[in-house]
Amino acid sequence: MKLWQKGYKLNREVEKFTVGNDYILDQRLVKYDCIISIAHVTALCDAGLITEEEKKSLIKTLDEIIKLADKGKFMIKPEEEDCHTAIDNFVIEKLGVAGEAIRIGRSRNERIIGSLRLYYVEKLGEIIHNINQLVESLKDFARKYRRVIIPGYTHMRKAMPLSISLWAKSYVESMKDNIKLLEFLSNFLNTSPLGTGAGFGIPIKLDRKLIAQHVGFRSIQKNPLYVQCSRGKFEALLLDGLTQVMMDLNRLSSDIILFSMSEFGFFKIPKELCTGSSLMPHKLNPDALEIVRSKYHAVLAASVQVKSTVSNLIAGYHRDFQVMKEAAITSIDTTIDCLKIMVLFVENLDIDRKKCEKSLTEDLFSVDKLHELVVKEKMSFKDAYRLMAEKHLKKIL
Amino acid sequence: MKLWQKGYKLNREVEKFTVGNDYILDQRLVKYDCIISIAHVTALCDAGLITEEEKKSLIKTLDEIIKLADKGKFMIKPEEEDCHTAIDNFVIEKLGVAGEAIRIGRSRNERIIGSLRLYYVEKLGEIIHNINQLVESLKDFARKYRRVIIPGYTHMRKAMPLSISLWAKSYVESMKDNIKLLEFLSNFLNTSPLGTGAGFGIPIKLDRKLIAQHVGFRSIQKNPLYVQCSRGKFEALLLDGLTQVMMDLNRLSSDIILFSMSEFGFFKIPKELCTGSSLMPHKLNPDALEIVRSKYHAVLAASVQVKSTVSNLIAGYHRDFQVMKEAAITSIDTTIDCLKIMVLFVENLDIDRKKCEKSLTEDLFSVDKLHELVVKEKMSFKDAYRLMAEKHLKKIL
Amino acid sequence: MKLWQKGYKLNREVEKFTVGNDYILDQRLVKYDCIISIAHVTALCDAGLITEEEKKSLIKTLDEIIKLADKGKFMIKPEEEDCHTAIDNFVIEKLGVAGEAIRIGRSRNERIIGSLRLYYVEKLGEIIHNINQLVESLKDFARKYRRVIIPGYTHMRKAMPLSISLWAKSYVESMKDNIKLLEFLSNFLNTSPLGTGAGFGIPIKLDRKLIAQHVGFRSIQKNPLYVQCSRGKFEALLLDGLTQVMMDLNRLSSDIILFSMSEFGFFKIPKELCTGSSLMPHKLNPDALEIVRSKYHAVLAASVQVKSTVSNLIAGYHRDFQVMKEAAITSIDTTIDCLKIMVLFVENLDIDRKKCEKSLTEDLFSVDKLHELVVKEKMSFKDAYRLMAEKHLKKIL
Amino acid sequence: MKLWQKGYKLNREVEKFTVGNDYILDQRLVKYDCIISIAHVTALCDAGLITEEEKKSLIKTLDEIIKLADKGKFMIKPEEEDCHTAIDNFVIEKLGVAGEAIRIGRSRNERIIGSLRLYYVEKLGEIIHNINQLVESLKDFARKYRRVIIPGYTHMRKAMPLSISLWAKSYVESMKDNIKLLEFLSNFLNTSPLGTGAGFGIPIKLDRKLIAQHVGFRSIQKNPLYVQCSRGKFEALLLDGLTQVMMDLNRLSSDIILFSMSEFGFFKIPKELCTGSSLMPHKLNPDALEIVRSKYHAVLAASVQVKSTVSNLIAGYHRDFQVMKEAAITSIDTTIDCLKIMVLFVENLDIDRKKCEKSLTEDLFSVDKLHELVVKEKMSFKDAYRLMAEKHLKKIL
């Protein structure tokens, strides 16, 4: 039975179309909705709307669902649409009329928003953890090869010498900035929508602050309509944060792919991390890095989807918002997977010291020489620059 | 066994990461790869590289796979990566060394491209079919309510009278233009990549034209490197085509959603096509239309993903291209689903003639009156315009 | 005076904001609006709404404007908003009340759409011309260096030998496909919106076919509402076409930038096409190619803007559509500029034959040897592949 | 003269193409580059590389430039490419060889980055100021009409009663969240790139912390390569912040446009803020709001451009980054313009109390009645919901 069932039969095509794969995606949210529901029935009891007895049996049943979900044994049927309906059905089947209390004084919508936020916050924590692991592996790499110098490039042209340490630490600093950003975003999203109904408040008085505390939210979002309007707004921010992480992984992949080409040869990727070609027996391809590089674009696209979806619509809930759930969830999974793969690559990346050394051609040191002329020989900057430039041009042309 | 297996074990994390859900998506492509492979072994036989006998048993086995696939019984294991490997493994297991001929003189890459193009072309046909059904239902609607007039809007303000017929037929003409576009694109994509290897030709001589004919391609793509470089390029075009269709469905949904609001009341959506609210017992929501509206953004995002993914890369195959497969396949499914749902809505949409009539306020006829003054009364355009404008302003302010 | 002036003063901030830079962009459209207006007054005369005399003086004045515009001397004042108002003001100032006929029986909206389409079609012709020039320069390049072989790459790894001819011709074939696409789109867009008013027809009878013929449109768009709804729809298609061209230029730039790195050295860019660094005297940077590469993303973004802007809106004109004008115009300019620069680069690109030769390492020929083993030595494909693979792995690891 | 001039002439087409409109955009940056240069020459003096005398005359000249720029009298010639070159040329022309010191020990690149960051931070402050003004006008609006109730909508269907106060305050809370975000971003971007050269450090020792303090940066970015890699990364964040603001303005526009339709009539926009139609004398169109709505998509597109541009590239500077400057600058201008227009609209927006009252139909109160049945009459939730739902369905169908 659906939460809104009211005596007529929904067209089956429409039903299938509207449910989509929500019932699969929602497996991730069961736990969070139960946590929220426990806080809700506690508040109902505090407000004298259900008895202490009823509260206890409701909480017991919800705990039971959490345990089932942990074991992957809580099933959501397609016709139930989502985890919230499945949870209510389970509770009502178990407790009868007493179970129906779970629906008093709230809307499915606030439960979805609340569950998603708890999920986002938990996942952002997991992502930060994975970024920290990448930071550690990058630091190890920097330490291990700190004396190795390769050319630094601008405009894809040899520019000045670049130590492996400087290279690896540029990602360390960038990733630390990402953590700063994600922590800010995690706090930003960690605000309670509970007790706001469908965007216009609820007809009974519940203590919103207490509910939020019970669930573990850091603050409450005051305005019920803003709660609805932050659908998409918050997801956009979440995805912007992931995009920053993926942008760095995209560049890191690009670096490793280029610098492990035989034409450069600075890096060596162990064969166990490479795949081959069905046609060319000699190939060792960095597929996983290419996929990481590519997944940046998938996350970027997800953020475009979200930001475009919510546009040109008036305040208040629209069903369009539900479609964005998949974009957010998939992007979170992608970011975690890519971070883990990247740790594996950085930990196992090797360096060919000879090739690095050989690549250090004279032109890389032109800035040093220029400044020697200026500082020590007191030549004017322009004259020194011209002298060096002409010398170099003569050599290569 | 993978097509490129060469005596070392791929790291399991990397394996899982690179395979992704290709093995599931590829179920759609089994049939097409078999068709391509049948043409290939025929060409190998023509070139004297395998015997007539060998050809026959290869074709027989491939036919068997097609039949299995039709029944949903051809399985692709995750460790096989994709349908091409699974097909080869099946053939080789069945025919032993003779089966290996299936891999001579081609790359997996050209098979993927060929299979995808056959799939795209078939699906574009299916989409055109569905568009035609929508066109029919729109025409029926136009006919049924041809005498009904509603306000036409510009800037979301009442502008001039709009007949339901004109309204519905605007979508008919637009959808017919979409068909024109999709037919062009279908021809554009319907070109054979077969016989080009990994982008640099193959070391044996096969008749590319004959292979293409055998498979059913309309033309051949000559340059092997261009074949590779059209990954993403062709998908972008395909998605641009779908975006056009979805853009119209997005607007059609927006129209129906607005015009069925109680404030307008021109359209009535039967309750069987509406869903309800868990909190508000009176609600009848047009969820399916909202999802159609929203799915436009998913398809748009898919096209951004593809176009961003292929950028800043050199000519030739990159593994990044494989990741776009899902974006294309999902968008095709989405477009078909949305077209079908829209047919259902247009077929069942009702009109409230009274509310339409009531909405026809005087201001809607200002242009008629203005031109009467100009044409019949010989008033100057400016004077007539001013007269009408002031009259109207006085009324509303 | 504005076309819609009606006895109150528009707030000055709002005026400035709504005009934006339309009055500058519209310089490009003056000619086309005059052509359209000439056809319109001819139709008004045919319909007996103005005299032959009036028609002649109107046409004479419009011709005068065209000549002024050709010399860059037709000015559009910011307070006139756009070229259509400026043209009407000029005509009315010149001809008095007789001039006002120019406004009878049409809306500014259809004039904007008509002018833009004429502009798009002309510019698409110019783009095709520039593509053809690039095709010629690529063919010359292919001819000049047809015997030179470089490595072909897949996964950014040496794959198989690639002749310069094959490389250059991959762009030739792709660019020819682009022309095919642009010609289709040019025809698609070349359809007359004239005579449809603001989307709901006009109150006087004008011969739409004749007007279209007079202007030079290939067909007429029948449904007036569809005319309005093709705002954005048509621009999206136009930009999709440009994106295809720019995608190829992005890849071509990427190829030249990489292959002219000292680590590869296949290509040499003459110093006159390179810029330098303020700090590093030795640098010769391919700035122009990097900008071409980058401009792909600007055109892609323009298409996202257009496709996102028109979403979630009902049928009929919205002012939002005007904002897209700049995205379309800028992208056209960009594409033409980039094509011209690319012709310059291809014409002046040099090849270092020695470096090309030196790059042809043994591994590039593994497919040839594999097929020799299979075809001549009758080894099974799997065994031959394994043999080659192991030989190669031993060498590099 | 260009900063990198070295004895050959740059092709004129390439010169024009690479300069683009940088010389115009850079007018905004003159002041900031001077501030940075003053700090730089101070550091050069501290390091004993120039005399106190030289420092003073350099600073005097840079102050002179700031004053000229303030009056709009500092000109950048196209052939100078950008403000940095123009500033150096001015200084060197004035001071001769002594002026050349301005170029010692740094790259143009770090100056561009530094100038842009100062510009971003200042503009973010301006944006926050404008948001605060909007917040004030929204609060006034909420206060003024706090007793007025309109329908709240979900799924574009009447849902529950919504007070004007709640409506306006939803934007207040959202805008305050935006300020929180922008303040975070402003701090994030407010970090010094100075003293890092072209991404690989500089050959002389300057006190980076002191330079940063002198300029007014809050922190320093340690890793020189990360400085380069934050091009695009930082702009993406900036644009994400602006996107959040514009997303709210997009929705606010959508609300006002819909609720001021004659079908709703809750809001009244004064005619001075409306434009008209060239064809329909009765029209009063909310053009400015439509443009605000539309500009959201322009800012969103700018962020896509930036995020796509930097992808698939290796670490280090690429000329592609310069092209993003326009996207950032334009989006900042747009956001400020739209905020100001929105303040004007909110300040002048009127309410039609009668139409609001009339819109409050019985269905809006179904949740209240449902909870009365549950709480007071002790009916089970399901039964109460069913009762209400059926009652309502009967009424409307």
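Letters A, B, C and D mark the chains in the order given here, with residues in each chain numbered from 1 onward.
One rule holds in what follows: contacts are C-beta pairs under 8 Å (C-beta built on N, C-alpha and C of every residue); 3 or more make two chains touch, one makes a residue touch a chain.
It should be emphasised that the depicted structure is a prediction, and the values quoted were computed from it without experimental measurement.
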{"item": "Contact-richer chain pair [A-D vs A-C]", "value": "A-D"}
{"item": "Label of the chain whose CA centroid is most distant from the centroid of chain D", "value": "B"}
{"item": "Separation of chain A from chain D, taking each centre as the mean of its C-alpha atoms, in whole Å", "value": "24"}
{"item": "Cα-centroid distance, chain C relative to chain D, in whole angstrom", "value": "28"}
{"item": "Euclidean distance of C-alpha centroids - chain A vs chain C, Å", "value": "36"}
{"item": "Where chain A touches two or more other chains at once, by residue number", "value": "6, 8, 103, 109, 154-156, 159-160, 197-198, 258, 271, 276-277, 279-281, 283, 285-287, 290, 293, 297, 300, 304, 307-308, 311-313, 318-319, 367, 370, 385-386, 389, 393"}
{"item": "Residue ranges of chain C in contact with chain D within the complex", "value": "2-6, 8-11, 13-14, 17-18, 20, 84, 103, 106-109, 197-198, 271-281, 283, 285-288, 290-291, 293-295, 297-298, 300-302, 304-305, 308-309, 318-320, 322-324, 327, 337, 340-341, 344"}
{"item": "Contacting residues of chain B [partner chain C, same complex]", "value": "6-8, 49, 92, 97, 100-101, 103-105, 109, 152-156, 159-162, 166-167, 169-174, 177, 180-181, 184, 188, 197-204, 221-226, 228-230, 232-233, 236-237, 240, 243-244, 247-248, 250-251, 254-255, 258-259, 293, 296-297, 300, 304, 307-308, 310-319, 367-368, 370-372, 374-375, 380-382, 385-386, 389-390, 393"}
{"item": "Residues of chain A touching chain C in the complex", "value": "154-160, 257-258, 261-264, 271, 276-277, 279-287, 290, 304, 307-308, 311-313, 359, 361, 363, 366-367, 370, 384-389, 392-393, 396-397"}
